[in-house]
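Below you'll find a set of structures to go through.
Each of the next two complexes has chain A plus one other chain: chain B in the first, chain C in the second.
On to the complex of A and B.
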C-alpha cells in the first residue's frame, strides 16, 4: 500500500488508518466546538420551556410550551414577524441587485476602477455600531446633514429615524451601506471566475451586451447569487446591532424585529423564558428559509457545472 | 496506483489537515477575541500608620460642613479592598468620578467606576442583580427603577444604624429631604403606597419638571406665560411662526419611548385632570375618555408646534436643542438651567425664565426623578461599599459635587440652602429658577406613578402607542385602548392585577 507524504514528514500508515487519522483530526476540534454550542443551546431550549425570569428569585419552573403558545397567540408576534420580513426583503432587494451592479462595474479592467475597488470596500472596515451611530447623527431631523443635503436640492426634510413610517427604511439604508461592499466582493469573485469562451463565442455570434448579461452572466452567476442570498438572509433575519444602536425597536415598535423583541423581553423586562422562545422560533424560521435557499443554490450549482 | 491517484490522496490528506488547522485557528481567535475586562487591577495602598479612630478636622472646612476626617468612624478599616460601582452617564457621574479619588486616598480602598448610558445601564443592572454574582457593589439607582430592582438591594437602615460604620451626628440622616427619602422606601407590594418599607438607596440628586421659556420671545409676541395646560397648548401654537426669517417652534420635548415623555408632561396633565395611569385595583386607566382628549391635544401640539421626528427626541436632545435656540418652551428637567444659563453651552443664556408647571381642573402636579446610590445585596464587600455610599452622600462631599460639578439638585436640605448654592441657583433665569424649584418641590411635586415593579414596561407600552397615534397609524382612542389591553394583560401575567 502506498504510504507517506512527500517531503520530510514521513508517515507510515495504511490507507484505512490514514482515513481514521484524518477523521479524528477533524473530529477533535469540531467536537469541542459542538460541545460549546450544544450545551448552551440545550440549556436555552430548556429555559424556553420554563417561566424563567431574571427578577424572580424563586427560580425557573417548567411550564411546557406555554411561552411558545403565548407568542403564537400574541397579535404583536405577527407585527414583529412582518417587520422582520420587511427588513429582510428590503435589504436583500437593494443589496443583491445593488451589489451585483457594483460588482459588474468593478469587474472592468482600468486603473480608475482598481482605485474604486478600495473605496467601495471602505464601509466594510467600519464597525457596525460606529456606522450606526454616525448615521444616526447624520439622520437627525433638524441638525442632521442628510436633511441639510435634501434642502439644498429643494426636497423637504425627512423624519428619518424619528417617525414610525420612515424609521425602517432608514435602518435598511444603514444596513445597505454597510453590506453592499461585502455582497459586491463575493459577486466580483464569482464574476472573475467565469469562463471566457462562452462570451467570446456569443460575441462572435453577434450577441448584444444585454443578451450576454441575460443569457450568460445571470445564469452562470446564479450559484453565487444564491450563496450570497443565504449569507445575507441569515444576517438580516437576525439583525440586531444596527437597530439597537439607532432606534432600539422604536419609534412605536416600527423597527421591532423578532430579535429585538427577544432582547427587550429578556434583558429589559427580565422574562428570559419568553425571550428564548422568541429566539427559537426565529431560529426555526431562519432554518426553513435557508433550507429553501440552499436547495436553490445546490440546484443552480449543478445546472451551471454541466 | 497511478501517480494521479496518489496525488489526489495526498491532496485529500493535506486538505483535511488544513481544515483542522483552520478550525483550531478560528476557535482560538474566537475565544481570544473576548475583550479583557478594562478594570484596573486592585492596588494595595501601603499604609504605614494605623489611622486613629477620631481625627480632629485638619482639612479646610467648606461652608462649615465637617469634613469626612472628623467623623467618628475608622475610614481605613477596609483599606486594600476593591469595590466596583456602576453608574449612568449623567452630570452626577462626572462629579462622582472626580471625587472618588479623594475617597480612595481617605480609605486606602480602590474604586472602579463603570458608567453606561441610561438604557444600557438598566439592562446591565438587570443582568448583574439577577445573576447574584455581585459584580457591582454600588449601583446608581433611581426612583422609580428601584421598584423593579429594589428587591436586589440591601436594606440601608442596618448600615446607617451600625456605629462602627456610620457616625450618626456627622452623617445627619434627617438632613435629607423627607419626600426624597420617602420615595426610597417601599414594601414592594403592588398597589401599596410608597413611604414605608426598607430604604434601598441614598439619594444624591433630584430633579423636578418645570416650565422653562424664552422670556424674550414671549415679550416680543405679547404671549402671556401659561398657567393652565390649555394655555400651554395655546402658547405653543401662538409661538410657532417665523421669527426674523427663521422658523420658530413653540415647543420642544422628549418623545422617545419609556418613562421620559410621560413623566415630564403627559402624566402631569393626566393628574391635573384627575386621571391616573392605573386605578386602585391596578387596572389600566389611560384610555379614559378625558385622557384621550388630553392626549389628542398633546399630540396636536407635538405635531404642529414642534419639528418632525418627535418620537426619537431624547432628554438630552431636547435640552441641547432648546439651548441652541429656535424654541419657545420646554417642560422638562429643572436643572437643565445649568446648561441654558451657561454662555459656553447655550445660545439662549440670559433669555430664559422659569415657571411653575401649569395646572388643570384637579390641581397642579409635577413629577420627579431621584438618583441615588444603592448597595447590591449580593455584594461581597457590603461594608466597604456602604462607606463609599455614606461618604458620597455626606454634606461636604455633596456640596462639592453641587458647587464644583453642577450636581443639581442636591438632596440635602443643608446643601440646597447653602449660601453658595443659593447664590448660583438664584442667578439663573433672572432669579426665577430657585424660587420656582422651591415652590414646585414643596407644593406640587408628587410621586405620580402607581407603584409596581412593571412601571417601566407599562411606560414603554404607553409610549409605543403614542408613537402610533402620532404617526397617524391609529386614532388616539384606538391607540390608548389597545395600549390598555396590552398593559392589562401584562399586569395579569405578572400577577399584579387580578384577572
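On to the complex of A and C.
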C-alpha cells in the first residue's frame, strides 16, 4: 500500500473521530454543570418557596414568597444585613490597602525578601477553622497573649471576641490574617509585570517617589486592584468558618451575618425553607455588589485607555 | 543638602525594615504560638502572663495520635473520645477521591473550553465561575436533603460529590488558561503526522502543561483539605473530615487547648511544605487563571 494513501486515510479517520471526541468533550461540561451546579441550586430555589422543616413529617408545602416576606418584615434582618456590610467593608478596607502596602514592600529583589515572600504565603495554607481557633486562644481575655502584648506597651486589655463592640473588629482581624497573603501576592504579581520605561522616563523628568506612585503605579495597578476587590468582596460576603469557630454570631447579635443567620435557621432550628431565603438574599446582594464593582472597573479601564 | 538627603534615605531604609519586621511578626507569630502551645502542659497553657519558656511535653501529640502511653502530665485534660486518626484517614480518602473526580470531569471540560468553538461557550465558562457567587449554604441545604434520601449523608462519597462545587470551577478555569497557552500549531502538526486525538493530548498537551497541572491539583487538594462547612453540615460521625473532627477537643466542660494545637499543627504542616514548592503557581491558580 502506498504510504500517501494510508496517510490520507488515517488523517480523514482522525478528523472524524476528532469531531466525535470534541462533541463528547463539549457535552461533558454541560452535563457536569447541570449535575453539580444548576440542579441543586434550582432545588434550593424551590425549597425557599416552601415551608420545608426537618421536623415536618408531612413534607414541604409550597407557600410562595412567604419566607422572603417574613425575613423582609423581620427587623432583625436589617441588623444582619448591616453586620454583613460592616464586616465586608471593614475587611476590604483593611485588606486591600494593607495587601497593597505589603506587595509594595515585597516588590524588591533580594534573598531576604524572597524568603519573606514564602513566609507571607503561609497563612493561605492554613484552614480557616484552624486559623480562627489559634487566634481565639491568642485573644483569650485573661491569659491571652494579645492582651499580654498590649500590657507590655502600656495599653489596657481588650475584650476581643467577648464584647459586642470589639467582636466584629476581632473577627475582621482574623480574616485579615488569612487573606493578606492572597491579596498581596496577587498585587505583587501585578507590580512585577509593570513596564519599566515610564518609570525611567518620569525619573529623568525629576518625578518624586510619591508622584511615581500616584501617577504611574496606582493607575497601572487599577485592573489588578479591581480584580482583587471583586474576588475578595465575593468571599467576605460568604464568610462562615471564622465566625463559626470564634463567636457563632455573638456576643448578642454583634457578629450575626446573613450567612450565620441562615446556618442557624437551617441547622439549629431545622427551617430549611426560611434558611434558604436568607441565602438567596445574600446571593442577590453579592451579585448586586459585584455587578457594581465590575461596572466601575470597566469604566475606569476605559478612562485609562483613553 | 547631601547630608539631609542621606539622612532621609537612612530613615526611609529604617522605616522599610521596621515595616518588614512588623509584617513578619504579624504573619508568623500565630503559627509560632500554636506550635509552642502544642508542646505545653496544662499549667503552661493557662499561665498568666503567658509563658514563652516552658518545659515541653509530647503528650499532646501522643494523645492526638492516640498512642498508648502514660498521660499523667495532662492531668484531667485528655479526650480519649476524639478519633482524630479516623478523621485524618477520612480527609485523605475524601480529598484524593474528590481530586480524582474533579480531574476526570474537569480536564476534558477545560480542554473543550480552551480549544473548541461551540455555541454558548462563554456562557458555560462563566456559568462555572458564577458558582463562586453562590453561598455554600445554597448547595449544602439541598444536598443535605437529597443526601439523606439517597443515603449519601455522612458518607465519604457524599462529601467528594459536594466538594466538586468548588473544585470543578477551580480546575476548569485554571486549566483552561494553561491549555490555551499550548500553541495550536503544535497540536495540528501532531495531528497531521497521524497522531490520534488522545495521543496528541498525552504526548503534546499534557507534558507542556504538566507543571501547571501539578500545582493546580495540589491547590485543589489543599482547598478540599481545608474545607470545613461541607463536612460540618453533611456528616455526623463516620465521614467527618479532620477539620470537623478537631472540634471534638472543645468539650462542654473544657477546651483541650494543647491537643487542639497539636491537631492544628498536624493538619497544617504538610501543606505549608507543599505551599513553598508551588508558590510560583499559586497566584495564578487563586485568580482562576485571570492574570
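Points to keep in mind about this one:
We adopt the following convention: the second predicted complex is superposed on the first by the 267 of 306 C-alpha atoms of A that agree within 3 Å, B and C clash if a C-alpha of one lies under 4 Å from a C-alpha of the other, contacts with A are read in each partner's own complex, and residues count from 1 in each chain.
Assume a residue touches a chain if its C-beta (ideal position, glycine included) is under 8 Å from a C-beta of that chain, and two chains touch if they have at least 3 such contacts.
Being a predicted model, the structure only gives us computed values, none of them experimental.
After overlaying the two complexes on the shared chain, residue contacts for A:267 are found with chain B and with chain C alike.
With both structures placed on the common chain, the touch criterion links A:160 to chain B but leaves chain C unconnected.
Once the two structures are overlaid, the count of chain A residues touched is higher for C than for its counterpart among chain B and chain C. Contacts of A:55 after superposition on the shared chain: chain B is touched, whereas chain C is not. In the superposition on chain A, A:229 contacts neither chain B nor chain C.
Contacts of A:247 after superposition on the shared chain: chain B is touched, whereas chain C is not.
Contacts of A:300 after superposition: neither chain B nor chain C is touched.
In the superposition on chain A, A:142 makes contact with both chain B and chain C.
Using the contact criterion defined above for the overlaid structures, shared-chain residue A:28 touches chain B and also reaches chain C.
Common to the chain B and chain C contact sets on chain A are residues 18, 22, 25-26, 28-30, 32-33, 142-143, 267.
Across the interface of their complex, chain A is touched by residues 1, 6, 9-10, 12-14, 16-17, 19-20, 23-24, 27, 119, 122-123, 126-127, 130, 148-149, 151-152, 255-257, 307-313, 321, 453, 456-457, 460, 464-468, 470-471, 473, 486 of chain B. Of all residues in chain A, only 2, 5-6, 15, 18, 22, 25-26, 28-30, 32-33, 54-55, 57, 76, 140-143, 157, 159-165, 167, 247-254, 264, 267-270 touch chain B in the complex they form. On the chain A side of its complex with chain C, the touching residues are 7, 10-11, 14, 17-18, 21-22, 24-26, 28-30, 32-33, 36-37, 40-41, 43-44, 47, 52, 101-102, 105, 116-131, 133-135, 137-138, 142-145, 148, 151, 177, 180-182, 185-186, 188-190, 224, 227-228, 231, 234, 237-238, 240-241, 244, 259, 262-263, 266-267, 272, 275-276, 279-280, 282-283, 286-287, 290.
By the touch criterion given at the top, residues 16, 19-20, 23-24, 26-28, 30-31, 33-34, 37, 46-50, 105-106, 108-109, 111-113, 115-116, 118, 124, 127-128, 131-139, 141-146, 161, 164-165, 168, 172, 191-192, 194, 196-197, 222, 225-229, 232-233, 243, 246-247, 257, 260-261, 264, 267-268, 271-272, 274-276, 279, 282-284, 286-287, 290-291 of chain C touch chain A in their complex.
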